[in-house]
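Each chain gets a letter, A, B, C and D, in the order it is written, and its residues are counted from 1.
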Amino acid sequence: MRAAGQGRFRGQADPVAQKFGRSVHFDQRLARHDLEGSRAHAAVLAKAGILSRQEAAAIRKGLDRIEREIVQGKFRWRDSLEDVHMNIEAALTARVPAGAKLHTGRSRNDQVATDMRLWIRDTIQGDLAAVTDLQRALVTLGHRYREVILPGYTHLQRGQPVLLAHHLLAYVEMLERDKGRLSDAVRRAEVLPLGSGALAGSTLKLDRNVARKLLRFRDLSTNSMDAVSDRDFLVEYLAAVALGGVHLSRLAEDLILFSSSEFGFLKFGEPFTTGSSLMPQKRNPDMAELVRGKSGRLTGHLVALLTILKGLPLTYNRDLQEDKEAVFDAADTWRSSLEVMARAVASLEVDAGA
Amino acid sequence: MRAAGQGRFRGQADPVAQKFGRSVHFDQRLARHDLEGSRAHAAVLAKAGILSRQEAAAIRKGLDRIEREIVQGKFRWRDSLEDVHMNIEAALTARVPAGAKLHTGRSRNDQVATDMRLWIRDTIQGDLAAVTDLQRALVTLGHRYREVILPGYTHLQRGQPVLLAHHLLAYVEMLERDKGRLSDAVRRAEVLPLGSGALAGSTLKLDRNVARKLLRFRDLSTNSMDAVSDRDFLVEYLAAVALGGVHLSRLAEDLILFSSSEFGFLKFGEPFTTGSSLMPQKRNPDMAELVRGKSGRLTGHLVALLTILKGLPLTYNRDLQEDKEAVFDAADTWRSSLEVMARAVASLEVDAGA
Amino acid sequence: MRAAGQGRFRGQADPVAQKFGRSVHFDQRLARHDLEGSRAHAAVLAKAGILSRQEAAAIRKGLDRIEREIVQGKFRWRDSLEDVHMNIEAALTARVPAGAKLHTGRSRNDQVATDMRLWIRDTIQGDLAAVTDLQRALVTLGHRYREVILPGYTHLQRGQPVLLAHHLLAYVEMLERDKGRLSDAVRRAEVLPLGSGALAGSTLKLDRNVARKLLRFRDLSTNSMDAVSDRDFLVEYLAAVALGGVHLSRLAEDLILFSSSEFGFLKFGEPFTTGSSLMPQKRNPDMAELVRGKSGRLTGHLVALLTILKGLPLTYNRDLQEDKEAVFDAADTWRSSLEVMARAVASLEVDAGA
Amino acid sequence: MRAAGQGRFRGQADPVAQKFGRSVHFDQRLARHDLEGSRAHAAVLAKAGILSRQEAAAIRKGLDRIEREIVQGKFRWRDSLEDVHMNIEAALTARVPAGAKLHTGRSRNDQVATDMRLWIRDTIQGDLAAVTDLQRALVTLGHRYREVILPGYTHLQRGQPVLLAHHLLAYVEMLERDKGRLSDAVRRAEVLPLGSGALAGSTLKLDRNVARKLLRFRDLSTNSMDAVSDRDFLVEYLAAVALGGVHLSRLAEDLILFSSSEFGFLKFGEPFTTGSSLMPQKRNPDMAELVRGKSGRLTGHLVALLTILKGLPLTYNRDLQEDKEAVFDAADTWRSSLEVMARAVASLEVDAGA
């Protein structure tokens, strides 16, 4: 994703460099948020009189049409246009000449920062629901087997007996704290950088609150140099999901142990296990193992972004493009781990004799 | 720090194992919080009628005396007693026989968890003040040189001119977000685990709110198995300071660049630089470099704790003892980095010709 | 990638779980190595008399044909077959009934381990050539400007003058050490796990040296339980490229500094920079910045794999499937960083007046 | 550890900065290697005629005496002298005026690099012995119980039966690979940087081979700018021990599982366990848990150093001082984990009925 945006790679293209810098294959998932941000910016320009009412309407219509095409899978993404922003920009300008004026008072730097904040808000909303689903699965299981008593362990040695439900509810608590951290992250993400320009704001009189309200952000960023280089909200998200992943890994570990023949307390539903033709009695808890493993991946992404940011001078540096693949993969990993875990937990049967 | 607490290493001691498990050399910094927690627990036991009024008073007095001795450096720490808790316990019981009753309704597991929460709250209070001091130093410097204009950079290439103060205030924003994250971490840490026992609570009727109010905690933990194995509040702290360290590393990088002879915008005060007898003109920005380097250390500690927790079954496992050195060193590194940076910033002189 | 292999997910499929466990979209890049391993195993079975000469020839021919189809992009990968191994296996058995006998004396566990070792050897061979290309670019640049003298820096302060070539050759040294580490990693990877079965070897009399020679491995693994769960060679690779990435990040940093207008020593060729319509004089060193950023990604992948392996019991656990995406992405990132850096260095012009 | 060395912090001291930069409390463990390096450098200067025979002898005698005092604990370390080098230098010069000439042709930068290489070689020699001790303990245990058959596990589900000895020998293999990596690391560390000066070598005719032979190094560094800023050998060591730590964590996990009452295969000797007064039947495998936890700490230190080095410009920057505490603590953690594990393994009793 080129941040300077208004410019391009210069001179004779180098194919290796172009491929290295290209991001449209992964940043196109920002399309909806990019369109949302552009609609808000168009409203700002309209209020400032930079876009006429007709121009603003044409742009809005053009952006809507592009959105429909993207949703329907009809939009033609072009690698040669490098990133999601240039692809949309080119499509808009080809249809609506006034679209070129969307550059006014906006740079790629504040545009990208806005898109990512819109994206993370949406992502976290979905995460919160997925966490709740897993909590519900744990509560339901605990309730279904509410009479079952298991040994409670410290040091993996049997201590005092506990209700299975009590054990499961320990994870409900952990997940509740995860929701708290994710909600705090959203709150800090809902600060609008639009209007920060490349680094020094804009000389135009723009009413940033118009965009803020349309995008339902809590606040406006107050320092333009910070706003275009700030990726804290992504680090905060990665930290929250790395810890969430650790919780899932602990739950996975407990369930793997409890479904071993030595413990023998639980049995995963068949769709969440694999067998072996040589050893047909085996019921391997593959899904739980994958979830446990994926927690390492989440920690890795957190480290990646912290290291990327370390020692960077202000303001925007192209290193920041590297935030996206880490965050996108972390979000996918976290979400799918939650979903699989909720289903695997729902499939558990407790051994009567336990 | 032995968590099982009421027991000890058994049989013939192995000197290598004992040294490996010993923690008193680093966990004695929890002494004050351990005493605070014990006073609160004594009040709980007194209200429940388990301690007589006389016993409770004697214990309180004994704990106060131990605190005075520790503050005055007169307390004799014994390695053979392994950890801070056993040292204090042994000293108390030797003086106040009723001290032995402090075991009632409390295990090492909920005791340690309480101590760490008390400690982190104190630590973060100090951190918040230190962050504010650095913010103040940045604002003061910006104000002192409020007319100075510098090139603003993207990609380390000159872009639009900006006020030096604008550049400095970008870091004030980052630090303000750090304070937000630290404050959220305190809020989530102020949940009292005392009363959770080893893992399954206590059969005694104890009014946990007595302790909660004395310790000024916001809430009571609701699941005992979670409460004794939860280290989320430490991970959250480490994540906050790892990101804070990244902010300091970026500030350090900017200041190192700006004080190079090529940029030539700033000069650190001599106490924050080193020279060289061979090259007397050099003014090396050692303090800023150390701060930049130490941000790597903070990321390392975060990784350590996430990895330690990954895949641990419930509830307490001795692995958790490894939380302390990581967190203590991170706290020291973060605090001293803030302090040095505040002083180094205050020492900066801006080159008139910049 | 299912490791148990001979079995499948059982019972009613769960679509979410299936998608979660599926790996064919990323592990199909092992196809060539999987075929190579299967040809070697067929030779072992033939020598043991388990395959007749005709069967062995038919299998070999079948595997060759599949390879041609894959190379030509004609092979139809099926998601429902989950991983590369099942896809190839199904295609082979459909054409050559004797293909079903390839299961004999081999499990998915030793098969996967063999494939990854073959893949890493190939990958590192390519890496070594790419490192050499970058070294050559550095030497060529140094030679072209062999008279140019620059300030040598410590603490980013000017120290003694040095030849530009001397500075560049420092990186040639670092890269030479990277080659040493990569070569050592290959050496340790060339140990054949085939014959280890699921975990306990095989009861058949198989001459593992037949496969070893065909695959040109240095040695045979000696413990089957270790062999199926060993991922050391991947960690060692990730550690080598994480450090290599740090070297590239340091080179990138130097070049970014030197091409700033303040230092003004170097200029990147235009294809390796971006400009800005607002600030046409800018020549942003985007490629170097991306390379610097990507070093964080490499460290992240190393952390991911170390964390995945931490605390895993013997032998194979499904967590191990998570090795692949980390290693594949690291290999791609490292290779492309080397290639871009070699071209960017070759494009550098040194300012005459420097 | 000040690297510029010949200079000092300048002007009015700032007590906070001084404390922040001070390293003598942790780098004094380099004393022996610093003395060894100085003796070698004195021999170089003597051969070059810069030191007279008498001066060289006096210096050698002075250094020997300081070593004796340090060994006997009589040397007075002064915090005000900041690091180990200045402490020794000051003590030497106070006794032997010619000691001041040791500066000639050497800077703090090549001196520190040499010391660390000498230290790592010694450390690894000790590590290799400690790894062998653990291997021996595993072999001995396997031999003692050579008839015992256990279930072999994949996915923590019982698969084929295996000999306990076979299981234990899997770890002997892992440890053997660790030794291979450690030995490779030594080989690459045995390259002498002495003679590289601050960054640009020396104008004096010095025969670096004199020092190389005395210090038994394999080779001379060939690029002075690389030599003073190279910390690869430390990263390589940290990577080797992080992976070694993962091996120990897996062994620990297996032993913790096997000594649970559910598996019931093994029992740790009492000195390696803790009990509980409430639950006297418990035998908690604390030592194994601590070893498992400490593997996270090793990964953390590796991340710290990689992050510290990332993006550093050439040559020496004070950030590099941060290598030491990470490496020293990693070395101590790794060594003590090996030692405890060897003793804990030796203490294991296998349950007859297993």
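Simple rule for what comes next: contacts are C-beta pairs under 8 Å (C-beta built on N, C-alpha and C of every residue); 3 or more make two chains touch, one makes a residue touch a chain.
Note that the coordinates shown come from a computational prediction; the quantities given were computed from them, not determined experimentally.
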{"item": "Set of chains whose contacts include both chain B and chain A", "value": "C, D"}
{"item": "Pair from C-D, A-C or A-B with over half of its contact pairs in common with B-D", "value": "A-C"}
{"item": "Computed distance of Cα centres, chain D from chain C, in Å", "value": "30"}
{"item": "CA centroid of chain A to CA centroid of chain D, Å", "value": "40"}
{"item": "Residue list for chain B, restricted to those that touch at least two other chains", "value": "4, 154-156, 159-160, 198, 257, 274, 276, 279, 282-286, 289, 292, 295-296, 299, 302-303, 306-307, 309-312, 317-318"}
{"item": "Of all residues in chain C, those that touch chain D in their complex", "value": "3-4, 109, 152-156, 159-162, 166-167, 169-174, 177, 180-181, 184, 188, 197-200, 221-226, 228-230, 232, 235-236, 239, 242-243, 246, 249-250, 252-254, 257, 292, 295-296, 299, 302-303, 306-307, 309-318"}
{"item": "Complex interface listing, chain C residues touching chain A", "value": "2, 4-14, 16-17, 19-21, 107, 198, 269-280, 282-284, 286-287, 289-290, 292-297, 299-310, 317-322, 325-326, 336-337, 339-340, 343-344, 347"}
{"item": "Contact footprint of chain A on chain D as seen in their complex", "value": "154-160, 256-257, 260-263, 274, 276, 279, 282-286, 289, 303, 306-307, 310-312"}
